[in-house]
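Below, chain A partners chain B and then partners chain C, in two separate complexes.
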Partner chain A sequence: MNTEKKKKLNWTPYCYLIPCMLVFAVFLFYPFFKTIYLSLFLTDKMGQAKIFVGLENYIDLLTSESFRNSLKVTLIFVVIVVVGGMLLGLIAAVLCNKAFPGIRFFSTAYALPMAIASSSAAMIFQIMLHPTVGIVNKLLGLDINWLNDPDTALYCVAILTAWLNSGINFLYFSAGLGNIDETIYERASVDGASGVQQFFSLTLPGLSPIMFYTLVVNIIQAFQSFGQIKILTEGGPDEATNVIVYSIYRDAFFNYRFGSAAAQSVILFIIVMIITLIMFRIEKKGVSY
Partner chain B sequence: MSQSNDMALKSQNTISKEELLALKKEMNAKAFTKRRIRTGSRLVFNIIVAFIMLLPLLYAISIAFMPSGELFTTELNLVPKNPTVQNFIDAFTNVPLIRFILNSFIMAGSITIGQIITCALAAFAFSFLEFKGKGILFMVVMATMMVPGEATIISNYLTVGNLGMLDTYPVLIVPYLTSAMGIFLFRQFYMSFPMSLYESAKLDGCSNLKFIVRILIPLTKSAIGAMAVYTFINAWNMYMWPLLVTGSNDMRTVQIGISMLNSVDSQSITMMIAGVVIVIIPSISIFIVGQKQLIRGMFSGAVKG
Partner chain C sequence: MSEIILRNVCKQFDKEHYAVKDFNLDIQDREFIIFVGPSGCGKSTTLRMIAGLEDISDGELWIDGELCNYYEPKDRGLSMVFQNYALYPNMTVYGNLAYALKIRKVPKKEIDERVHKVAKTLEIEHLLDRKPAALSGGQKQRVAIGSAIIRKPKAFLMDEPLSNLDAKLRAQMRVELAKLHKDLATTIIYVTHDQTEAMTLGTRIVVMKDGVVQQVEAPIQLYDNPANLFVAGFIGSPSMNFFDAYVEEEKGKTVLYLGDQSGSRKVYLKGEKAEIARARELHKKVILGIRPEDIYEQKDAEERGILEDTVGVEETITAREMLGAEVILYFDKKGKSHAVKLSPENQTQTGEKIRFYFDPSRIHIFDQGTEENIFYREEIR
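Let's look at the complex of A and B:
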């Protein structure tokens, strides 16, 4: 019976993969290669590849002041978002680590930002940061036009994004803390370790596997932030918040330069991939399990 | 300190039962107050941090109930003096909010159901069936997680534009009908079942589809619940793709529709925030209801990796 089976190829398993593979093929693999293809061309307004220019789109980008600014802005943005978002999540997770009255309310509150859309959050922050009626200026007694000042706009958008991402980070860290063996804390207390010492020598190392995973997810996510920038600053003022994703959007859908936008997409993909690979390299060497 | 106490006691060598009990009681009380202080300070810290974290939401709710005249003062106005629901009524009458909400429900609901079906089918094949190229195909699926959506969004837009699909439901739904993460999550759960479960079902004459519907799905309710909550919320909150592919009010989703309120004059800030509060409610409600499911199904697995 076995030999009979082996003779003819069994097609049934592939049938179960058809639905997902079809979607991946049409909306992921095909557009991925098409983006690379487009990035080598000048296009017309309909996005049809017209003139082959080779790597010219890339060379133009890498020599343009505007794109280098985008890279710099994106880098600063990602660092603030990742560090801020993870820190908020970690603080909340540590605060909810031990049982106390109301823990369920608080853990829901800390996770809540993950359920909020970037666009909705952006509109709330817009009013909070409003120069005359906003709560931030009123509380601080300042008169700063947060979102129109090139010095502050990027930080505002980044902090908003960090807040949005903190919810899911809280869940990751809570799960990580739950996995740390309680008894090591008891032993440490007996040995006279202070709370701070315990945090740095027990909690953080215990979290390192999940910390690594969260870091990778956060970096990838931060690179993709779009809605809040579109709504709050539209890349301005003076290109101060023109992160790569926004620059792609503007090039493609306002300037109709699909070739250049495609080249930026490819560069974005390469950056994300390199960072991910480096992270996995470091993980193999460093993280203690 | 307790040590020196003991020493003292020993040297006296005359300790009655009552004294010992009293000492025990005292120490217990001390430990109790210590614990109470610790719990109390934990609570205080939590209240402070949670207040800061929820401030944007609380502020939004407060503004949504504020008459628009009250907002424009220089004094600190945290809570509305004369709460009103006028802003909510305005939001519903000035933009087709109900249509937007309906569109979002159709989109997010279809995406959620579709993803669960395609992911369950694929995960079933990857965990119970043997076929050529299984390892490579699984690697290919996992590799899709590395491709950021923005790397494909332009080409996708051009594709659906050429197909004349812009501004329809399918264009909002079809590109998101599967996800590598969902396949991975379901596969993790399916792998925990012994192969003999599948084999014995087969021997009893159970077809593959029947096995999925009758056995796998009921056994993996928590994974499906987690997946449903996560997918629905993400689809509900989607911004860039709906922004690109919808052009008419009939097709716009809540996130796009509500951000259109943004461009109107500053007098209607309170109405805009009321609209924001309305569109946040569904995703937050689903999150609160499904939070337990989500954590159990998704994050306990994520840690073990």
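Let's look at the complex of A and C:
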């Protein structure tokens, strides 16, 4: 009877999967494979594959100064966004982990960036950073054209993105802190540990599972940031903020070089995948549950 | 040497409500002090105030001659064992034991020696590489105690350390704690609501109720000489039986009429107890207290020569608990359940009637109004 059961394939569970698989297929799998396919061709202005060029798109990219700059800019951008966003979220969460009057107000304030659309935040920053009417220059008594100076533009965009991401990080870390048993801090203070020692020997290890998750999500998110760059700098000045995602957008929709854009997408995908894989490897050593 | 003195220590959470009120206690070096009381009586709060985990609202805390009210927990030189053990989940057993020493920058070699010595004492050497999640309750308990003793503190504070263990393990750990106290020769302040722990471990017991100390006494004195109705009822299991009674005089003898003033059931008091009762409560309604083991069946009462001092009370047994070494019979009186502890040979079953005799020398009388034990003598120590 058992063998009979094994032979007969039960289709019912697979039927339940069909709707979600269909959505995935249309919006994820098809574009994914189409991108890989396109990256091997030269295209016309409508984005149709015309001439097969093999890996030439990739070779062109890897030898191009502009793309190498893009990689470098992206890397700096990601580091600032991830480190800044996570630090902001962590500090805010640690500050809000104690009960005091007005805690709800502060919690809401720290979580707020999560609720702001990146483009509206970018518009606000644009005004704040304006060289003549912007509040930043007024407060600092400086006269810097923040968004049009190649030395500052990338940092401005990155800090804005870090702040935007800090909201959700704050939420993750707050939840993580809530999971740490209060009494271990009491024991530690009787044991003689200072606040800083408690933070490094108890809080950080206690947060490590959520920290890891947040790190992965933040890195992926940072690689994909687009809206604020489009609004604030459009990749400029002088390609100083031309991160890969923006470069893809520009190649595809300004220069109509869909093949090259597709190749960049594939490279971005590979980078993100490799980083994620490495992190999951490290996770086993560094994260204590 | 470690002497801890609490002077009028108070804990107030809001203007009107005291969690602990006027707590006075002198704890001598090497004492095993037990704070006991029902939940919410302030015993844990007091312990946490000594540890420095709660602010002291009013009063003074002296440790070894130093006023410690405003000292940080780490500067008080005490160590604490928590109810849920509070082990650091990210550290191994070794790390947990070593943490307090590491913070104090003790040389690595010495840490290693001390960790292994403590682990050996507590028989947890084979667990040193494990994380707390991989330990059983009893093992966690040992690690928690180990992390406390490794520092050689002035005193140990223990907050219901055995309450998460099963009965058998608790009994075993109780014995080990007593041995540990002897070996370490250090002051221990121990919070519990388990009176068996209190009676077996403590050199002195502090009974608390609603934030107020009711009595401080060595275990056996506490049992034999409770200060008031609450202490009498709280210490002992099954707890003391209480009956309404009247103090009367009969042919020059002091007699207690049970239940009503008819005198159909009575107990004659003798000696000092008779004098005190007559002097303080004559013709008044009082509460008579007697422990389950001080009530006898006829045969035993006869043997003890108390038969002529008491008119037996006949009761219907509502429940019978056979505990092996003894049998406990329960009967109801005016809606209250009373217990009698007899030898297991007694075969009285539920629903049957039996006549009981009170041992007059073991009777306590509590004032109806103040609930104080009129026989309580503070000088008995």
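Points to keep in mind about this one:
The definition used in the following text is that the second predicted complex is superposed on the first by the 275 of 289 C-alpha atoms of A that agree within 3 Å, B and C clash if a C-alpha of one lies under 4 Å from a C-alpha of the other, contacts with A are read in each partner's own complex, and residues count from 1 in each chain.
The rule we apply is simple: a contact is a pair of C-beta atoms (placed from the backbone, for glycine too) under 8 Å apart; a residue touches a chain by one contact, two chains touch by 3 or more.
All figures in this text were calculated on a predicted structure; none of them were measured in a lab.
Once the two complexes are overlaid through chain A, chain B and chain C clash, as defined at the top of the document.
Of the two partner chains placed around the shared chain by superposition, chain C is the only one that A:Leu202 touches, whereas chain B remains out of contact. When the two structures are aligned on the shared chain, A:Gly236 is found in touch with neither chain B nor chain C.
By the touch criterion defined above, A:Ile124 lies against chain B but remains apart from chain C after alignment on the C-alpha atoms of chain A. Ranked by how many residues of chain A each touches, chain B and chain C are led by B.
Once the two complexes are overlaid on the shared chain, A:Thr183 sits against chain C while remaining clear of chain B.
Once chain A of one complex is fitted onto chain A of the other, the partner contacts of A:Asp191 are limited to chain C, with no touch recorded for chain B.
Remark: of the candidate stretches 25-33, 43-51, 61-69 or 259-267 in chain C, the one overlapping chain B after superposition on chain A is 61-69.
In the superposition on chain A, no chain A position is in contact with chain B in one complex as well as with chain C in the other. Contact residues on chain C toward chain A in their complex (touch as defined above): 51-53, 72-74, 78-80, 82, 84, 86-91, 99-100, 103-104, 131, 133, 147, 151, 157. Chain A meets chain C in the complex at residues 181, 183-184, 186-194, 197, 201-202, 205-206, 208, 288-289. Put simply, chain A touches chain B in their complex at residues 9-10, 12-14, 16-17, 19-21, 23-24, 26-28, 30-32, 34-35, 38, 46-47, 88, 91-92, 95-96, 98, 100-102, 105-106, 108-128, 130, 132-133, 135, 138-139, 163, 166, 171-172, 174-176, 178-179, 209-210, 213, 220, 223-224, 226-227, 230-231, 245, 248-249, 252-253, 258, 261-262, 265-266, 268-269, 272-273, 276.
If you check the complex, the residues on chain B that touch chain A are 39, 42-43, 45-46, 49-50, 53-54, 56-57, 59-60, 63, 71-72, 74-76, 78, 117-119, 121-122, 124-125, 129-132, 134, 137, 140-141, 144, 146-159, 161, 174-175, 177-178, 183, 208, 233, 236-240, 243-244, 255-256, 258-259, 261-262, 269, 272-273, 276, 279-280, 283-284, 286-288, 291, 294-295, 299-300, 302-303, 305.
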